[in-house]
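After this come two complexes, each holding subunit A, first together with subunit B and then together with subunit C.
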Partner chain A sequence: MWYFVLRRLLYAVPILLGVSLVVFLLMQMVPGDIIDIMIPPEAPKEVADMIRIQFGLDQPVHIQYLRWLKAILSGDLGISIFTNQPVADELFSALLNTLKIAIPAAILGFTMGVMLGSLAAFYGGSWLDKLFSGIAIAGVSLPHYWVGMVLVAIFAVSFNVLPGQGMGPDGFPWTWEHIKHLILPVITLSLIPMGVISRLVRANVLEIRSMEFVSALQAKGLKGPRVLLHIMKNAAPSALALMGLQFGYLLGGSILVETVFNWPGSGSLLNLAIFRRDIPVLSATILVLATIFVIINILVDVLQALIDPRIRR
Partner chain B sequence: MVRRVPSGRSLVALTSALWMGTIAASVPSLAQGTLRIAMTATDVPTTTGAPNNGFEGVRFMGFTAFDALVNWDLSSADKPADITPGLAESWEQSKTDLTKWVFKLRQGVKFHDGTPFNADALIWNLDRSFNKDAKQFDPQASAINRGRPTYIADGGYKKIDDYTVELTTTRPISYFPYVLTTIFHVSPAAFEKAGSWAEFAKAPVGTGPFIARNFKPRISIDLDKNKDYWDKNRIPKVDKVVLFPMPEANTRLAALRSGQVDWIEVPPPDAIAGLKGAGFSVVTNSYPHVWPWVLNTLKEESPFRDVKVRQAINYCVDRDGLVTLLAGTAEPSVGFFKKTDPRFGNPKNAYKFDPAMSKKLLAEAGYGPNKPVKAKIMISTSGSGQMLPLPMNEFLQQSMKQCGFDISFEVVEWGTVLVNLRSVPTAPVAANSDALNISLVSSDVSMIVRWFYGANSTPAGSNWGHWKNPEFDATITKMESAASKDEFDRSVVKLHEMLVDEAPWLWVVHDANPRAMTKGVQGFISAQSWFQDLTRVSISK
Partner chain C sequence: MSAQDTIVVPATDAVRRAQAGKSYWARVRERLLADRITLAVTVLLAVIVLMAIAAPLFATHDPMASSVLARLKSPGYNGHWLGTDEVGRDLYSRILYGGRLSLLCGVAPVTLALLIGGSLGLIAGYSGGIVNSLIMRSMDVLYAFPSILLAIAICGMLGSGLGNTILALTVTFIPPIVRISETVTTQVRSAEFVEAARASGARPVSIIRFHILNNVLGPILVYATSLISISIILAAGLSFLGLGVTPPDAEWGLMLNNLRQAIWVNPLVAALPGAMIFITSMCFNLMSDGLRTAMDVRI
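What follows is the complex of A and B.
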């Protein structure tokens, strides 16, 4: 098992290097640089050049990249050119903000997805199946930023019972005021994982139910819940893989949902960094998000291997 | 066992109780005397006294927490805002050497940390932007402060006594006090204590009517009332202003309508009727903003090298229709200044929607039904002050077709427009475009020099279209060296008349700067300026 984990970790290295290289190169292809966007046109050239030198933007791209890589390896994520603040501070506060909605959204989305998917499969062909499948398809198909806006229009504007934007007050412990701010973004963010997982679980359960071992279990006289347990255990690995991917997406922060709810998470930070051409923020954010994504996938692989011994072979 | 199933009635009662409870618990809790404003900015503007995010940044993180030597008088809604003494109580241009100015500083002014503002503090602040060997030199602030031309000569400032300073300009600049209005001054002692500008940004110290505290990047900043502000007429009425960056228009709208903020900048035009109907105030007023197409006169094949084509396109804009499209949040623009402005003058061309006149001019320029004017315009999808660039430009494209203009667009994101603005209009970033749609400031004559002076052509300055006119440039020199106010005023009027008749830009609209607020917001005077005075505003519950 340890060999398996180590091998997966080693695979991650070229992936992360590739991601960082692509980000760096893409930013070079966009016209102009951050200085053009950050400072007014008539700023003296010598001042613009000083800022370029301060952030190493006067160097060739490969030198910039290698310097950045060296700093990253020593744990230094750099300084935001635009705000002059350490990237680590900006990034980790944004990630923490995203976690505040991503974790409840994942719990809600995964639970609802598994429930709706398995219920739809058990009531296959009935009106309940159609209803649950309809909900799942709506979850996947409706643009979630649009659903977010509709929820805001209903619950924040019309009924004025929930806030439509922002995170509310600072600090812990959380009060009802904090939780109120979570409700709409969490529901919005949970729709896609709910829909995707529900569809997969339904298909898997239907497929497994028709397998011979299920008939064998029933023939042996096993009761419904015990049979269900066996079916779910067989359906779990692929659902887990999908949950891992979906959780990775959620941690990346949804640029659209965070924009609608003015939520200062990693998606909105990424969006801001792209428009500002703030390379240190952008590169570090993407690298950290990619690392998280890879780690989650490794964890999921390990979990799958634990559940399903065939994978370990 | 009998299982009790809740009856329909009890379910309704339970649900209602839950809803009522939720409503009661979530009624917005308004702190006494707190005004909450949603800005259009993507972030809290830089807090170090050199605000970014354009003039919105200056509006909210400039004149609130800091002062300039010369401030804007924002006390009237009825006339274009003009300058007023700030940290300098008076100034005088030397009669013998027009590049020398003596500023008398206001005595008794203290920074928020209790240290005095005096000539030493002023020189220290100027060194921050102009002396790259000073330890407080701040490249970012320098770029912002000098990015709007200041005309201060190298080493062009010296202390005469504790409250008198002499400034020297690179050439005679009659409007020099105007260009000092966006250079703000901070406490040297607070910087020494902080040790760096990044640390200073967390607890900035200025002299302004508000004290910036509780800075949370990308989330909010508090501006607390400075009860010791030097201008006793401008001590804030509210205890606190909280600024929230909220770039998405619909999010701002929802925040206002759900009671999370009291004031939003730029509500979406199609929401204005609904806001008024729901009892919100929508405030609009003229302000010095122009939404033009800056016409490319450098590119060999650009049709806009011909003044007749430039005039023809100005006769082919249905400005009233556009204002209707914008739900009245703009006013027609037929020049750099508003038509009612005394500086507008009496140009020969009074532009209106006149396709016949437009066609006549195009015929004189060699165009006609079989030879339409083909032009590509670079426009952005959004951006600071850009209003609604996509529908507005599509409207123009439609209305211009009937005069013989075949308009196409190069649609780019805002950052590319900014890069283009500082480039030569034939550079690759211009994508072979014949005009650039970018909204610009028209607050005072310094802006005429900035956008139209031949010597300010890009990349040295901001005259993107490279329009050059020797007579115009000579009039600028005359205005800059004007010996009397009369001569200055006459030159400004002449400059403006030439801008209308020569039409280096397509004049489209002036934004009316809409902002929406709850009825509880009282005392706001919508000054005809990019900046606003928040000290007069009070809030009632």
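What follows is the complex of A and C.
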């Protein structure tokens, strides 16, 4: 088992290097000269040259990459061109805000998905199955940013019962005021994971139910709920893998929902950085989100291996 | 459903013909024609696509003509079937014209990714060894980005525009297609009929062309149809963020973005472009499900 964990961790190193390379290449492909964003166009050429040397932009590309990588590995994510503040501080408070909606959304989406999917499979072919499968396919087809808008229109505009914008008052205590602001974004964000998980669980449970070991269990006289337990245990690894992926998508994809609800998370930070052409913030956010995604995937793989010994190999 | 039917149902005409050695694709067509939901969805999609392509024929107004007096009117106002947008342009005509770009952004990246990713997967699966490692490991790197993030990263860095949107989505969709195509190719490569072909002197090109491609095409096509649905949602999402198509072009995501503030004034009108995104992507998803059942594909 430990060997598996170690191997999985080691494999993440080249992946993360590749990720950093992709982000760096994208930075290089930014149209225009980054200096033009940093200083006013009427500034003398000497100032531009000075800044160029200060940031090492006069060096060859591979030296620039190594320097950038070294800075990042030592925890220095750079300084925002726009606010002149270290990117790391801004990014981590934004990430925390994103987690505030991503974690409840994941819990809600995953539970609903597993419930809908297994119920649909259990009553396979009935009207209940058709209803739940319909909900699931709508969940994966809905543009969630639009759902957010519609929810705002209904609950914030028409009935005026829930706030449609922002995070509410500052501070961490979970008062009703905070929770009120959470409800709509969390529901919006949970739709896609709900649909995706439910479709996978349904397909898996249906397939496992028709396997021979299930008939054997039933022939031995095992009752319904106990059989279900065996089925679920077999369906769990692939569902877990998908949940890991979906949680990563929640973090990376919350930008759309955060924009709709003006939620001050990492997505909003990304959005702001794009429109300010604030390349250090932009690249650092992408890099950190991708790294988190890689870590989540490692955790999921280890979890899968814990459940299913065949994966450990 | 079909697999069980053939077992339970006594040999009807269709079953007898199937057993008489009908080709795989003929049987797929038979099953598709029997699937009412997939047929209905396909017809609906055909209508949407045709109306978008022939937008000038169906449009009632100039999609660019604005009117200060008729802003955000409800459906039915003064000959505007679906109302007007925030600068008084006819929403029905704009949705028709918007369908052109939205559908293009849905289909073009998937087609490109299908060609590039499919070939990369074939090459990786067929050659194996170091070529395989090289291709698959670089795909692993792209896999390390959540898909929406990768598309946003590319569009955010390179700037907005139709070309960059298509490029970003293409890059996003290549890795999963490569993975499917590589898996199937690797499985088929060591199958006996391929061994036989090789032993009888067939060149790699014709083995890939006749034996492997036929097996890879089914799973990839099914997967690609469901990707189109994701592609439409993501492309509209990029435009919604202001990263995709640039104004004043009509595109469903961009229209939704422009109408965002109007949600406080006329929610019904503001929600319409989103409903089109939903309906179209739902159609592609249902079609993908139908194809999957008909082709008996498991991904």
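Note that the second predicted complex is superposed on the first by the 280 of 313 C-alpha atoms of A that agree within 3 Å, B and C clash if a C-alpha of one lies under 4 Å from a C-alpha of the other, contacts with A are read in each partner's own complex, and residues count from 1 in each chain.
Rule of thumb we're sticking to: a residue touches a chain if its C-beta (ideal position, glycine included) is under 8 Å from a C-beta of that chain, and two chains touch if they have at least 3 such contacts.
Values in this document were obtained by computation on a predicted structure and should not be read as measured data.
In the superposed pair of complexes, A:P44 makes contact with subunit B only, with no contact to subunit C. After overlaying the two complexes on the shared chain, residue contacts for A:Q54 are found with subunit B alone; subunit C is out of touch. Of the two partner chains, subunit B is the only one touched by A:S268; subunit C is not. In the superposed pair of complexes, A:W127 makes contact with neither subunit B nor subunit C. When the shared chain is aligned, subunit B and subunit C each come close enough to touch A:V157.
Looking at the shared chain after the overlay, A:W2 reaches neither subunit B nor subunit C. Once the two complexes are overlaid on the shared chain, A:T259 sits against subunit B and subunit C alike.
When the two structures are aligned on the shared chain, A:P31 is found in touch with subunit B and with subunit C. Of the residues of subunit A, those at positions 30-31, 149, 152-153, 157, 259-260, 275 touch subunit B in one of the two structures and subunit C in the other. Contacts from subunit C toward subunit A in the complex involve residues 137-138, 140-142, 144-149, 152-154, 156-159, 229, 233, 236-237, 240-243, 253, 256, 260, 263-264, 267, 270-271, 274-275, 277-278, 281-282, 284-286, 289.
The part of subunit B that touches subunit A in the complex is made up of residues 19, 22-23, 25-27, 29, 42-43, 46, 52, 132, 139-140, 142-144, 146-149, 197-198, 201, 216-219, 244, 246-248, 250-251, 254-255, 257-260, 413-416, 418-419, 421-422, 428-429, 450, 456, 458-459, 461-462. Contacts from subunit A toward subunit B in the complex involve residues 30-32, 36-44, 46-48, 50-51, 54, 79, 82-86, 90, 93-94, 149, 152-153, 156-157, 159-167, 170, 176-177, 180, 259-262, 264, 268-269, 272, 275-277. Every residue of subunit A that touches subunit C in the complex is listed here, in rising order: 14-16, 18-19, 21-23, 26-27, 29-31, 137-138, 140-143, 145-146, 149-150, 152-154, 157-158, 245, 248-249, 251-253, 255-256, 259-260, 270-271, 273-275, 279, 282, 286, 289-290, 293-294, 297.
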